[in-house]
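Note that the chains take the letters A, B, C and D in the order they are written out, and that residue 1 is the start of every chain.
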């Protein structure tokens, strides 16, 4: 996956965010979004290690060892930012106070199940806040390439990887398409980068409805 | 969501409250109670059949005591009705329903409501009148009561200071239930003593981050 | 009950407190203790409406409408005091972080059950923090007159008033005596104000052991 | 209890930890971790068979990673072992037991431990590997997991500032799990960047009141 593909997915996902929303960004593609938001003042970024109001990356002079995001990268804090402890931070998440979580996934099922923390047969030793975020956030936007590095479709009938949570995905953005979950059904709503419906079908491991009229956020 | 645009008028703020709603109201007695908002609710709203979640039901004719006299309270959820003799009389006359909750359970249940916790086990109240009808379970020989969260349609809270985004800072013992209630309602309206620019409150000392606050109203 | 009797009970209860302890004082007799502690810097007073470090009553100039105790009386705060919300305050109580609660009672049973919030047939509409305090505090000291205003003993075999909690009392101080609960048994450990064991028996509605050798706190 | 007399030496502080103890250690990665106390534990204590409750098990050779290399950790309770590949290797080699907990549940369970809550119902983890062996119940169609509190013998926390009594103030994102852990152990030892006179921290901004803190140690 080239940086261009990642950036394109991040850019399309960024269009799903509405001004003033409280947004939590996962590691990987979602973390490219702040660079695309033009200062990040449009939405308010929450990071689960205890900060609402994440600002841009620090300059050399701004670097502060006490100021990181959940990916453990140095960040800054915008005026009006607030710090809080981890119980409060996850109370925000679990309690439905985060408008949007944008995160990567290994698999998404046609029921909206997400698997994004563990690979069978490998270590299942790091979950972090993944489960809390997909269960708690009001909207869950998954950003991922349509297929794995070995060419397997990531949208599947049933997740075969360990589940993060059931029925929680609202939107999936890949390099080819935007999918939405509507009344429990997976719907292709937008083709990206000149992709065709057939190309999307080839890269998708499950049936889906097509309703390209929905370009709400385009 | 943070505040979209500056403070609104108290009358406009309380128009978010409809008949039949559950309304949380901060304060320990009248200390830390959002008196401007309560007055607006008493004077310029006709929402009735309200369920009030508040540690007390005001004092006679003051704070929530005004709403009580207007007969607009259907039910109170509280730890101490006794501080308003008129509330006690109204309960005894069958005019309002009373749900009495130990104060720590009351606070914890509101916190749970805001934190997505669907229930918690507390030793407090086990084996007493206040656990009647509640599930009890014994763990390591100690009896616990399973308490459920408390949610509301609207929370009315008071903070000495708010900033433009809706971050709140509470002064001294006027904090009490306010930060908890701010998390547990569909709509949270904060009455503040003053509004300062974003960035003026120390970020480590913000008690209620703005994501919990929907509207700001200035105290009168 | 005269003020002298109340003060005598409060003074004896105050001797149970050890320097540095975190103490919560109930309404009534316990609230006389700060006046007897000489500034109250010996122990740290917690009040459940959200303050650790309660100081003496305010002067006219110090009066602050935002600064009260759980009895809703104006107080001051000592240097090093901290304010917190009600969930945190009761987390301290329920979690066992308050060393001592001193409170009044209507009845105490020989099993250490306490009834102190409601009278049968009357309103049961105010419980406040009573149940939390007796369950959570590490030591519970009950201060009360030995008999009610109608002459009924307050120490009983079984509480007939609505219970606050079971088996939670550690010490009972009346105008006549100090009782302690030891391995589930009620023990008279000290006679006050020249009372005799027979006088204490007459004012007590249940049997008790006598072990006057214990004058630990005298 | 507040602090009886000034700060003590790190070596003396960690002598409170015995073999077989459960020890909570604050920090998100190394940010907000009590590194002076961890170093003292690694260098001047021989307590082993420890159960460590910490969001991560340090980094290779740093923070708790030192104790790991010394083979003194029996079990880790954590949300993210993966940040230290040596911890992952130790788990896979059967050298330490790993209990993986979703991060919000981890935080909430520690808070519950300090708050006298014997269990809580969370929707997080329901139906996943991490709920295996745990009681689940469905309320209004939503599955919840009953999670139990986490307690410790000793908590090691870090705060930028403490006062003479033991009140603590945390700076920026170095707060994380520290204030929770300070409440949930039999003995809480706070490493602080500086100690100020009682009364110097703003009383509304104290994050950990002194009743939770047993000893203070200055950072080196």
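Here are some notes:
Quick note on the criterion: contacts are C-beta pairs under 8 Å (C-beta built on N, C-alpha and C of every residue); 3 or more make two chains touch, one makes a residue touch a chain.
The model shown is predicted, which means the values in this text are computed figures rather than measured ones.
When the C-beta pairs in contact are tallied for C-D and for B-C, the bigger tally goes to B-C. Taking each chain's centre as the mean of its C-alpha atoms, subunit C lies 34 Å from subunit D. With each centre defined as the average position of its C-alpha atoms, the distance from subunit B to subunit D rounds to 32 Å.
Inter-chain centre distance (subunit A to subunit C, centres taken as mean C-alpha positions): 55 Å. Centre-to-centre spacing of subunit B and subunit C amounts to 29 Å, using the average Cα coordinate of each chain. Residue positions 108, 111, 115-117, 122-123, 170-172, 175, 203-204, 207 of subunit B are each in touch with at least two other chains. Subunit A has residues 77, 83-84, 90-91, 93-94, 136 in contact with two or more other chains.
The touch graph of the protein chains shown belongs to none of the named shapes. Under the contact rule stated at the top, the pairs of chains that touch are A-B, A-D, B-C, B-D, C-D. Across the complex, subunit A meets subunit D through its residues 47-51, 64-70, 72, 77, 83-87, 89-91, 93-94, 118, 123-132, 135-136, 162-166. Of all residues in subunit B, those touching subunit C in their complex are 28-29, 31-32, 55, 79-83, 87-88, 91-92, 98, 100-108, 110-111, 122-130, 160, 170-180, 207.
Subunit A makes touch with subunit B in their complex at residues 20-22, 44, 46, 52-53, 77, 79-84, 90-99, 136. The part of subunit B that touches subunit D in the complex is made up of residues 108, 112, 115-123, 139, 142, 144, 169-172, 175, 202-205, 207. Residues of subunit B that touch subunit A in their complex: 1-2, 4, 111, 113-117, 163-165, 167, 183, 197-199, 203-204, 206, 209-212.
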